[in-house]
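Next, two complexes with chain A in common: one pairs it with chain B, the other with chain C.
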Partner chain A sequence: MDVSSVLESQKQASKATEVQRVIPLDYDLGHLMASDINVLDDKVLGGSDSAALNQYLRKVTREGAQLLINQMFDLPTNPTETSVLATLPEPKLVLPREKHVPKPKTKTRWERFAEAKGIKKQKRSAMVFDDATEEYKPRWGSKSAKNTANDWAVPLAEKDDPFADPRKKVRDEKKERMAKNQRRQQRNQEEAELKDRLPSVDPRAMKKQDLQRALTLTKTSTASLGKFDQKLKDEPRVKGIKRKFKPTADKASNERETSLGLLKQVIDGPKNTVNVRKAVKKTKM
Partner chain B sequence: MRPLTEEETKILFFKLAKYVGKNLTYLVDRPDEPHCFRLHKERVYYVSEAIMRKSVNIARNQLLSLGTCFGKFTKTRKFRLHVTALDYLAQYAKYKVWIKPNGEMPFLYGNHIAKAHIGRITEDTPQYQGVVIYNMADVPIGFGMTARSTAELRKLDPTAVIVFHQADVGEYLRDENTLF
Partner chain C sequence: MLHTPVPRSRRAKRALDKRAPLIVENVKKSLIVTGSSTSEWVRDALKDLHDLKKPNSLRYTRKNELRPFDDATQLEQMSRKNDTSLFLFGSHSKKRPNNLVIGRMFDHGVLDMIEMGIEYAIPAEFLDQVKCTVGAKPLFLFQGDAFEFRDDYRRLKNILVDFFHGEFSDGFDLKGFEHLISVTAGPIPEDSDRPGLIFFRVMAIHLKKSGTKYPRVELTEIGPALDLRIRRTKYADEKLWRKATRVPRDLQPRKVQNISRDGLGNKLGRIHLGKQNVEQIPLRQMKAVKKLRAEKAQKERAAAQGTGQAMDVEPASP
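Showing the complex of A and B:
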């Protein structure tokens, strides 16, 4: 019997780069990862010899790394001037995100309105041709053609007051516009916050409800409980709490049951009349 | 006219139980004819079911009284017993006081009862206990509340107040127009 071929293969297996595994490893080269599900040696793991255990674990680790590196050498390579680079395939394992998926931003009132009306944002050039100076000027901003704040003369219309400062008027109008925009920003922010906290609540309805509650409270906060106050137009009628009583001519048996129950409470007195905490305190002293 | 709320019933029972104790059950659960408590113009009436059903037909502002008036709720929602409840209290009273003939008139004029006027008293009556007052002929003439317990009685002088006056039959004449 010729055993030379068997011996030959045995010799090759003993080479450091050649590692034998019963179950082949699972590779995910995109992450440079190999997973080994082969069973470890129970005798060494459970044994008391720590030196042998360390040696065994080191061997298993080395072999695993060897197998992974062997796989990497099979990858297509890309030679550069200094070295050879292997291109890794796409990773197979999907890693979970570290952070939460960001929440979609709550839309402002204008965004919601534009969406409902089908209004789309149009791209417009930043520079526009100014006919007066015959050159390109920014569409908006301090250097735009629209900005009249620094013009050397201001035309006065017939209806305008000749003694009023026209520049101050322009300034005031701008301030007012800015304040208005700021108020709206604030409102949008508040509504977005509310929507995050209570998604089912309509902020506008809630605001209205709050306002009406405040109104009814202030109306009844005078000495005469608002009896002589001037009524607002379409003021909501305030409904008080209506007392509810049991039916006057109910079955006597029904009433007897509840009465007997109450009677028991009255005769027995309040339950647990002993204050346990106090009693314990007294016995300790 | 309406039934009492739970809170009102409790206040009423608490007051009645001071006089009749556990016997109050006989008032609520009557074997002969079902009775109930009804509130009308802040007064509590103890009325049989049959009469209560009939009185439903009478408008509220026309209805003056029904059944037996037990007392009224004050504006601070306390309950004050009227002398009209005496018949039922006397029937089930746990503690009784009998007064001598010479003490009858002072009591019927609305005065407290002094020790000198007491003929007899139920044994072991505690302090501040609701009692029904009888004359020596065993006729109930009112009710009150003990100022002292029977144990203390012996030591006291004859002028000491033993029972605080609460209601007496003299009120039928004195408070005729507000009683019912």
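Showing the complex of A and C:
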């Protein structure tokens, strides 16, 4: 059997997809990109014959594209129902981001607690079956079964005050809960902000320190320096500033040094005659 | 960031959340801006490049009095307003005829930009009318060693890839080849600092059967075809670039402990066995050991007898 014709056609076929390059191309298939650093024909590219230039460009580009697409067909594939997906490698060329990397959100106290205890948030349906009315109602909110604010009658327990307004009581309790939650929200926000600014500081310790400082200040703000104020439980003792005096009779060397220092100050005069801070304060803007 | 806007309504909050920085980012959107005076080449180039970048592109067709290299604040403001991070600005003046400025933003501030002059152009409408699908991912081909060895060319390559690469994915449909962006570096004049021409071409890809594993690739030019020359440039400084290319911790490859690879690509493991308890190893019971044990037992018995005898002994009466 003569197979030469088959071989010949095979050769022709491979010729159609083969491209010769001295230096192999650098592929970055993650970006579907190829870079060719082989020498180009500068005479044509720099010449004035635009037809020849475009023809040359088309030829070179076709060859480059052939090499790139050959490389793509060599990639491991993952056939799906409608197409054949080539698995692309990680891109090599580093591209900048459009925005900065987002900062991780500071966790609230509850989130930290839940994490420590292993408490996970569970998905609950928004609607629950209400046995009293035998229909589905929202789990919470103004139309929920739990909301008794608009009920036409309110059952009173034996111990309840019959003259107090039970609705007002419910309202007040809710207000209190909301206020408490808001306080906590604020606290979380403050702590998060502090953590952003000074990551190494424990916000609770810092708060305690601030409170202590404020307490000492108030103690010393009265005329009697807090002597007659009511003492708190476990109140820290306020330490006053101890005045230090130099000994009246000191070593001769020390005495000489201080005297000479004083003399030098007098002779040299003050270094900076303008107190900038005070001057700025006095200047009328 | 100059200031962080505080949303006053839910809707505003949602709009702001949409623009918040992400760990895995969306496709960069481009803003195509027309300058106060333009030439036909510039207008066509802006339109064609906008078409190429669609659907992630926004085009301002009215005149804008901008000079990105003198004062980029207006451009940055536009970027902030439209949440775009790439820009292409076209203008035409006596001093800088047929001018294109291509660049990108980081956090809505200019990261880098390159100004180029169009020295010759064929708009897409005069070329092959079989255009590619909107939003298709292009292939890139950079030809010429300048893209490897010259700083300005290398940066241009980075910007062009960033501009047109489209959505990232780890898979590519092998029937989905649509178009190729080919950028070829012309000869660089040796006697002057002037950079050489850069030939920007866009081709449609047609795959033909070849009888081998690989298809035969044929290209038709769909345009735009632009011959460009780099003019002014502004690059990001080292610090900003490092900030812009930071990889979030969640995307960094995890370091696997105790597994390493040597120079030959062999996988090496380090195993920690902990302390062995030698006392409790069950050894084979040999005769010698048995003998020893028997002796030990005998000794113990003797000792016990000895103490017993001592107890029994009555004190000697005088």
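The definition used in the following text is that the second predicted complex is superposed on the first by the 146 of 285 C-alpha atoms of A that agree within 3 Å, B and C clash if a C-alpha of one lies under 4 Å from a C-alpha of the other, contacts with A are read in each partner's own complex, and residues count from 1 in each chain.
In this section, a residue touches a chain if its C-beta (ideal position, glycine included) is under 8 Å from a C-beta of that chain, and two chains touch if they have at least 3 such contacts.
Predicted, not measured: the structure shown is a model, and the values here were computed from it.
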| item | value |
| --- | --- |
| Which superposed partner A:17 touches (first chain B, second chain C, both, neither) | second |
| Of chain B and chain C, the chain that contacts the larger number of chain A residues | C |
| Touching partner for A:116 - first (chain B), second (chain C), both, neither | neither |
| Contacts of A:70 with chain B and chain C, given as first, second, both or neither | second |
| First, second, both or neither for A:280, with chain B first and chain C second | neither |
| Which of chain B and chain C A:3 touches, first, second, both or neither | neither |
| Contacts of A:87 with chain B and chain C, given as first, second, both or neither | second |
| Partner chain in contact with A:61 - chain B first, chain C second, else both or neither | second |
| Common ground on chain A, meaning residues reached by chain C in one complex and by chain B in the other | none |
| Complex interface listing, chain A residues touching chain B | 245-250, 252-253, 255-256, 258-260, 262-263, 265-267 |
| Chain A partner contacts - residues on chain B that touch it in the complex | 1-3, 5-6, 9-10, 13-14, 17, 21-22, 24-25, 28-29, 34-38, 49, 52-53, 56 |
| Interface residues, chain C side, partner chain A - complex | 20-23, 25, 28, 85, 104-107, 111, 120, 137-145, 147-148, 157-158, 161-162, 165, 168-177, 180, 182, 184-187, 196-197, 199, 201, 203, 205, 207, 210-219, 221, 225, 236, 241, 243-246, 248 |
| Contact footprint of chain C on chain A as seen in their complex | 9-10, 13-14, 16-17, 26, 31-40, 42, 45-46, 50, 53-54, 57-58, 60-62, 64-66, 68-70, 72-73, 77-78, 83-88, 91, 93-102 |
